[in-house]
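Below are two complexes that have subunit A in common, paired first with subunit B and then with subunit C.
Showing the complex of A and B:
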């Protein structure tokens, strides 16, 4: 459900079937069923279905990572590069430094958090637009990511971590469940905690937030820090699910990171988030991916379709808003 | 050489007396100092940096491309918009140029004009969608970028069955390799300036004149500074948005042409690395993301500075990916310095 600073968490005001998430959910379900029928049930076979959800985990987490900064009206261009950097550092810690997997995982999360906080601090201290700051830190992080191991690939690290990446619980991949758990935590953060509500208030109207005694600077740093932490989570999922990492990890994540929240109905202006929308949008994008793989379509059509879907979703949202304004 | 445009008098704050910024707070001056410092530093460490044939001539070709792509971004930054599809617009326009040459056998000029037209049209479509629907420009151009990424490869595959056109129009090779020194009138030869440079100078002049002197440019800046005030003053803001985006597409197409000339091919991957530099040059030059103020001269300096740093670090045999690290650090440092200068200037100004 869409959350803003002023909306009540479980308010009875909006009927379920009128929310954008409901529309998205119907589209996602219809697309899934259609694809299942078109592939002659192949999609529902255990292997395909598992792969479908396994590679859904990273898009979900990276979409949430972008959503958190969009909530305060900022952007984080460094999410993809940061994911790659954390993944490389985690692999380096396991292989070169010989540390056990849990410590490497913790280190990757801490690193993501630290870089995110640094982003936020830079935005607050220099008052430079967050877009530009993260553009600069993105290029820096890309350099660092390459510096970890040059052009070489890390592989054959911790067997336990890779087993976790392959593991399934009740037919669902463990990494996907991690992504869902993260999504629930993010939803609770924005819906139930004071800090989360303050973030939304800062994003919705910085001036009003300041008058109510909320520190906008603090909100910016928390949002960027959380975004970095989520990029760290995406890195851990990548490391465990893919079995090998190199310096190109994360290059293809920047655009999907925006696609998921935007299709999901999150406004770029800040002040509102939609965890469910982001989840469903990531699901939709993954459907397009699978469709391409199943039918052997030129992968380039995928980008074309996703572009059209992003634009269509946004246009639909504007249209819906206009109709609602007219009817009230 | 280049016109420089300060903000149109902000109509939003009539009560505040306009204050002159002290000369030392001018971001352009900081860029010039930084540029001189960098050039001196690199030529001391590597005297080869001042080698005309090896470094300076290719450097000018590179600056030309990144200046024009910076101008493409500047045109929409003037509105407070962004164009995330500059690179792909450049690549699509380059495809159009290649197509006109390859299939219809048009000459260099016809191909170039067709490409520029294609770029302007793409920009206008983006502008139309933005102005009609009121959707954020970032989202629209990002979606457009997605769409064009796919489209370009499909087009190349269907037309030439590869990722590049096999031939180039006559004259492109001259644009790539020749300098004015190759054209002599008697004993008098031109300077060692590549032939692509005049294109970039013309583009910068065009942008400078437009935003400084023309009604269209001033009205675009007004719309960027305060959309509502501009609308109330009778400016057709919707068509100004379309025109600014069309101009952005036009410059992106020109950048695509210059890059194709430098690379020696119209290829599908042409615009992949243009997006970030397109922001670097204008932002370093003091153009705001908020809109309402542009600096063409600053963009020239910003493009020159980034390319000097790239070239210099390249000569010092840094790897491409390490280069990024330093470019990012320099960008952050330059912006922070700029910010610090600005704050200092405001403090001085506050106590007259």
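Showing the complex of A and C:
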């Protein structure tokens, strides 16, 4: 993870070690080492390490999916449900409709994008808060998802896709590398492209953006569309890595989707993103997961820990903001 | 008797009050007058505890008041009705009136006592309003009366009314003044802040005139003045002129921007004005006259219902700022740089380049280098003081922020620039530098529409001055830069307007 924080601006005199990403990186590294020691080196065995990164792919992409809507000051409560829905549809297309894997993958991505754009369009057209709109679409999607196949499980689809899910390149799972590639593209999008910057401008100050000739409506639709597309990517990763798909997939992704960007230092109010922070935070959450598995902790405790960390991160962000305001 | 003596209040870079004195006697209506920026609202805010004075003291019947907040002022019996509404629309008249001291019994709201108290206040004003009416259903004038009733429910001895007739019709204003006289007769001290001299002379007994933060007339009987004398006092004679670049406007050149009988959904009626390349048209008016809103209508942010906008002689249909900028080369430097002009937590370079990202981009990506180079050009041209183009705009001083806000439009090669209150909240020296800058832009051939509530600034900079009042242009003057004469003419235009109209506001 050597991505530079292209979207976060380092002011003059702002040293690397004073950035929140650096703090997060130190905590992640320390946590990893501690867990490796605590498991007696078991974490570092090839199989465990690979599994660790394979199941880090979805949290990263889903965190980015939430981050892009946070960038414009919105939320997407439907990310988890949408990921599950896209996964279901991809599996259904391969098994029931008999379509080849590439077309199913393309369909999942298109579906994610379409639902995302629909979310954005609803927000723009109705002027209803994105929180409510996506709460509604989440519920609708959950209903549709059971409609596709009821409570049954899809399995035994495309061998090629599942092989991709298991594949490794230089010891790193292919799906993890996909997630990293997506992260690089997202970082480039916000840091360097006109549209990405316009999204940040709309999120940072919609009034100033409008008076600078930027269409906030366009920013909202693009952000939601991109969020949906990333949910589609997460769905493809899920389908290929897990080997089976059922109607409950994605239900447990909502909290992680917020945890990664928020712990990663992304402002809830919009206007600021941190791809590196989101990656590191997803890594941290994954560490907590592994810890739970390794030591047989009640899974309920994991939710409690992650919830508490999210709350703490938000508090920290508010505190940081207040200190900064006082100093200027 | 309330006495505020030698009050001094400084804000960063601005001395808003510089030894102002206000004396209020029970049983009088006292007018507080002054031009925009003379310190009226600061004085009101000091007396009502919103701000604390740097120097000077406020005494009530001989005891000094230390007002730590609006609540302290309320406890001391000083009530205020602000220009903007402070009622909760969903609550009833009664709930709003007694909001500050809701009567309770064991934690439960005592509705009967609440209604009785509200009725008492309304009867004091001889206003016929049902206490259970939701405020949302009231007219503006009725809402105003509810606000006064609210101030009375606190047993105030002193009542400040800040521009109470700004949104009332002539009849409604007359009824309000009946109430004001009744309050005076029952021993209240009423302060009337107003720019409508007509109504001031009709209702007030004494007057304090502020100019540049000082009282130039103190609690003087109003009967001793004519309206002309009051205007003289408000405007003053002393005025230091600034040397600006010599400019010549080609009087034959077609207008760069021409508004022809433009009416808007906000209520502007047949507004006509034009500005030629190289010319500065001053658009002067009081706060609330509708100037910024007119600018936003030109940019397509408010709906134009009639009339035409022409740019360089051809009709323009501008639907949004992007179009105004890219197709017509019109830029708008907003008065509200913090919320509308700048991205405070973004670096200077991005704030300047925001209008031209598309032009800077290579294959869809914006190279940092090009953005920085562009920023550096304007940092140098406008003399913006920063440590690096990556410095966050929020860390700059007000004057430098304003320059960044201007720079982004220059970067976009605007030919027509609407500059809205460019020097609000900027210290005197930077202000002078800004005036030079604006004159320099006009000298380079830009057409400038200068919206300002600062009359000296308008007289210094503008070639012509259009005066706006109540969403209409009430007159246009050729500016001869003779401040005393110009300011008298401008102020007469505004006051004559309110005189003729009797305070009828557009709704």
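By our rule, the second predicted complex is superposed on the first by the 303 of 328 C-alpha atoms of A that agree within 3 Å, B and C clash if a C-alpha of one lies under 4 Å from a C-alpha of the other, contacts with A are read in each partner's own complex, and residues count from 1 in each chain.
Criterion: a residue touches a chain if its C-beta (ideal position, glycine included) is under 8 Å from a C-beta of that chain, and two chains touch if they have at least 3 such contacts.
Worth saying up front: this structure is predicted, and the values here are computed from it rather than measured.
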Worksheet item: Of the two partner chains, subunit B (first) and subunit C (second), which one does A:167 touch, if any: first, second, both, or neither?
Response: neither
Discussion item. A:304 in the overlay: touching subunit B, subunit C, both, or neither? Say first, second, both or neither.
Written reply: first
Discussion item. I want to verify the contact counts: of subunit B and subunit C, which reaches more residues of subunit A?
Written reply: B
Item to complete: Check the residue A:126 against both partner chains and state whether it touches subunit B (first), subunit C (second), both, or neither.
Response: first
Worksheet item: In the superposed arrangement, which partner chain does A:323 touch: subunit B (first), subunit C (second), both, or neither?
Response: neither
Worksheet item: In the superposed arrangement, which partner chain does A:137 touch: subunit B (first), subunit C (second), both, or neither?
Response: first
Discussion item. Under the stated contact criterion, what part of subunit B meets subunit A in this complex?
Written reply: 82, 129, 133-136, 138-140, 142-151, 153-154, 157, 276, 279, 283, 289-290, 319, 321-329, 331-332, 335-336, 339
Response to the item:
The residues of subunit C that touch subunit A in their complex are 299, 301, 320-326, 332, 334, 336, 339-347, 350, 354-355, 357-358, 361, 364-367, 387-388, 390-392, 394-395, 408
Worksheet, complete the sentence: Seen from subunit A, its contact residues with subunit B in the complex are 75, 122, 126-129, 131-133, 135-147, 247, 255, 258-259, 262, 268-269, 298, 300-308, 310-311, 314-315, 318
Fill in: Residue ranges of subunit A touching subunit C (in the complex, touch as defined)
9-12, 188, 192-194, 197-198, 200-201, 204-205, 207-215, 271-272, 328
